[in-house]
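Have a look at the structure below before the remarks.
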Amino acid sequence: MRVTVCRKAHFNAAHRLYVKSWNEKKNESVFGKCSNEYYHGHNYELIVNVTGNVDPVTGMVMDLKDLKDLIKSEVEDAFDHKNLNIQVPEFADLIPSAENIAVVIYNKLVPHLDKEKTLEIILYETPRNFVKYSG
Amino acid sequence: MRVTVCRKAHFNAAHRLYVKSWNEKKNESVFGKCSNEYYHGHNYELIVNVTGNVDPVTGMVMDLKDLKDLIKSEVEDAFDHKNLNIQVPEFADLIPSAENIAVVIYNKLVPHLDKEKTLEIILYETPRNFVKYSG
Amino acid sequence: MRVTVCRKAHFNAAHRLYVKSWNEKKNESVFGKCSNEYYHGHNYELIVNVTGNVDPVTGMVMDLKDLKDLIKSEVEDAFDHKNLNIQVPEFADLIPSAENIAVVIYNKLVPHLDKEKTLEIILYETPRNFVKYSG
Amino acid sequence: MRVTVCRKAHFNAAHRLYVKSWNEKKNESVFGKCSNEYYHGHNYELIVNVTGNVDPVTGMVMDLKDLKDLIKSEVEDAFDHKNLNIQVPEFADLIPSAENIAVVIYNKLVPHLDKEKTLEIILYETPRNFVKYSG
Amino acid sequence: MRVTVCRKAHFNAAHRLYVKSWNEKKNESVFGKCSNEYYHGHNYELIVNVTGNVDPVTGMVMDLKDLKDLIKSEVEDAFDHKNLNIQVPEFADLIPSAENIAVVIYNKLVPHLDKEKTLEIILYETPRNFVKYSG
Amino acid sequence: MRVTVCRKAHFNAAHRLYVKSWNEKKNESVFGKCSNEYYHGHNYELIVNVTGNVDPVTGMVMDLKDLKDLIKSEVEDAFDHKNLNIQVPEFADLIPSAENIAVVIYNKLVPHLDKEKTLEIILYETPRNFVKYSG
């Protein structure tokens, strides 16, 4: 009996989309105002979905309190109120697009889950733009 | 041509998470304040997804009015403004976790659907905690 | 320059609407299924609005972190995952209708605010039913 | 590394559900007030999901600006503030149910995407009724 | 002790903005695509706010079930799945703008409320456009 | 007949809360992680409410298309994807708190409205923190 448990979380961050090896003009032609050199920012809404077997005694796939704490230590403490380009090591050489942020979050969380569980990350950059990644 | 039709519904209920064979201390250590002996409650938001073939004449997978009525008779009438632990027979010996509630709803609805259709249940316990089950 | 700052919070609780001096039949005729003797519950969404002058140096009406902490200590710690009728002293002799819960929250918060500030409470009992109180 | 990028859009339209070869009585018995001869309407919320490989340089599956423009030219310009039955050619002989609208949108968008990409359409007819189609 | 109780409701309708005494060209220059002769439509979200004294026994400003029934008989039954211009008598000679719809709803509801109560209508025509009217 | 028309808009920006005349330590003690020297950011949701008389011919308080265009030229073009501290002149010597941003938006919009109209600004910095200002 496989059930998916889902937990919403939230962080605010500044970022900028640009490719270091390109000049400003090319960055602006590809990324538009998202490449603004002084940064802009978002309220990122994160949904973490964990699929696993329901424990027949507790009725739980996993303790959502544990999932909440894991998201806090791995994602919120690392990303919230940060400049992703400058202050988050994973993006030192990786462009902090929504796609890449979702992949980085997936890679940070998956080692903490039991092998039998599967993980999906949904990340809203704005209420109208969001991405999904499941490994 | 398989399309999924989705219907949102809603019920309010009281519940408590505890394992009868455990003492209060163990229940509290596992379930925290969710094991409060006087109960707490939620506005459960339910999304019922039915996937099937589109009828070429009516353009419908199934009449959403029928789906709405089915959810009302099988779920809302049974769960709404109830104490799940005391007043809903399915939880007499089953812990009313979000996971188990979703599975119970699935099992109540699926016999009423045509064999060719598949069913998914999404249940929000709070705006930040929710579960999915598809058999 | 008067500005209103608003903070959303959340608590889950069980409650029951009934008048002790009435019999079950009258309670049910007035409150319907809300008078269920075994309780039901809600995810209460709370919005606390504080209106005051903007500090010319900090640009703030009040520190929203302080408001968040005040809501936590006065409301969330007192109401969350509780049975309002049994476990919250303010409702020992007061029916825990949404209207009365909003008034109680107002009365708990207002002594902690500067005299120059005004307070409004908005309380969602369900996404479709909510109340407002401003003293 | 397959990631899904999602874009929300919106259009308002009038429509009516009825089968031309049926009489009014049969249409009303099947579609109820949705078959009202003078039409009714909806705010359709559309979510377009495109799954593809992340470009290692730009960090993007596709430019969301391009996806936004594609949705505008193919869907919004064609459907927004229109009477679907009368003014949108795809529904000249096809009932504009939510299911069929989703399929039509899918068929209009998919030729514009790279072969390696997959597409899913989610269409909300009301906040409580919605459909999904992925080819 | 004045408290406001709020109830959300919903109806879907077709409409068209045009002034009968103007020609098509002038109508289109003022109302744009909202004047489309074949109509378009919306999911109207309605919030009805009633302010009054809290009954010291029941803890209620008014029974929200009564308010829900009043909204159903006066607004939903009259407007839902209708063409506002053709099928709702109030708009025979009144343009069904969001502003006017809100005023009409106010005028239909206010005679049913006790004199001591005050009424406010909030009407969403789309998630981004809405109006308020309080007499 | 005074009616309020409301329009939602949206912009993303980076900002930092700090008082230039204070040292880093004092800034951090007052503003916490909001004073991060590398900035963070938000999806700001803006609601602009204009109250005025309904034109008896058009049924409108003002053309919402005009209001949308005004918000675009005065607010979105000026703030969207910008660093508020560095790139928006109004905040050269004014801390870009939500309170101050709302006041600045009010002051930018009000000269464009007829004298008989009144204006209210609601600004969401996050889904849980927002402010209101009406002059």
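By written order: A, B, C, D, E and F. Residues from 1 in each chain.
In the analysis below, contacts are C-beta pairs under 8 Å (C-beta built on N, C-alpha and C of every residue); 3 or more make two chains touch, one makes a residue touch a chain.
Model, not experiment: these values are computed from the prediction.
Taking the definition of touch as given, a chain qualifies here only if it contacts subunit B and subunit C alike; none does.
Put simply, the chain farthest from subunit B by mean CA position is F. With every chain reduced to the mean of its CA atoms, the largest distance from subunit A is reached by E.
Counted by residue number, the contact pairs of B-C are over half the same as those of D-E, the matching pair from A-B, C-E or D-E. Counting the residue numbers used at the interface between subunit A and subunit B, under half appear in both copies, so the two copies meet with largely different residues.
With centres set at the average Cα position, the gap from subunit B to subunit E is 34 Å.
Note on chain placement: the centre of subunit C and the centre of subunit F lie 29 Å apart, centres being C-alpha means. For subunit E, residues that reach two or more other chains under the stated contact definition are 127. Pairwise chain contacts present here: A-B, A-D, A-F, B-C, B-D, C-E, C-F, D-E, E-F [touch as defined].
Of all residues in subunit D, only 10, 12-15, 33-34, 36, 38-43, 80-83, 86-87, 126-127 touch subunit E in the complex they form.
If you check the complex, the residues on subunit A that touch subunit D are 17, 19, 30-32, 94-100, 102-103, 127-133.
Residues 1-9, 49, 54, 57-61, 63-65 of subunit D are the ones touching subunit A in the complex.
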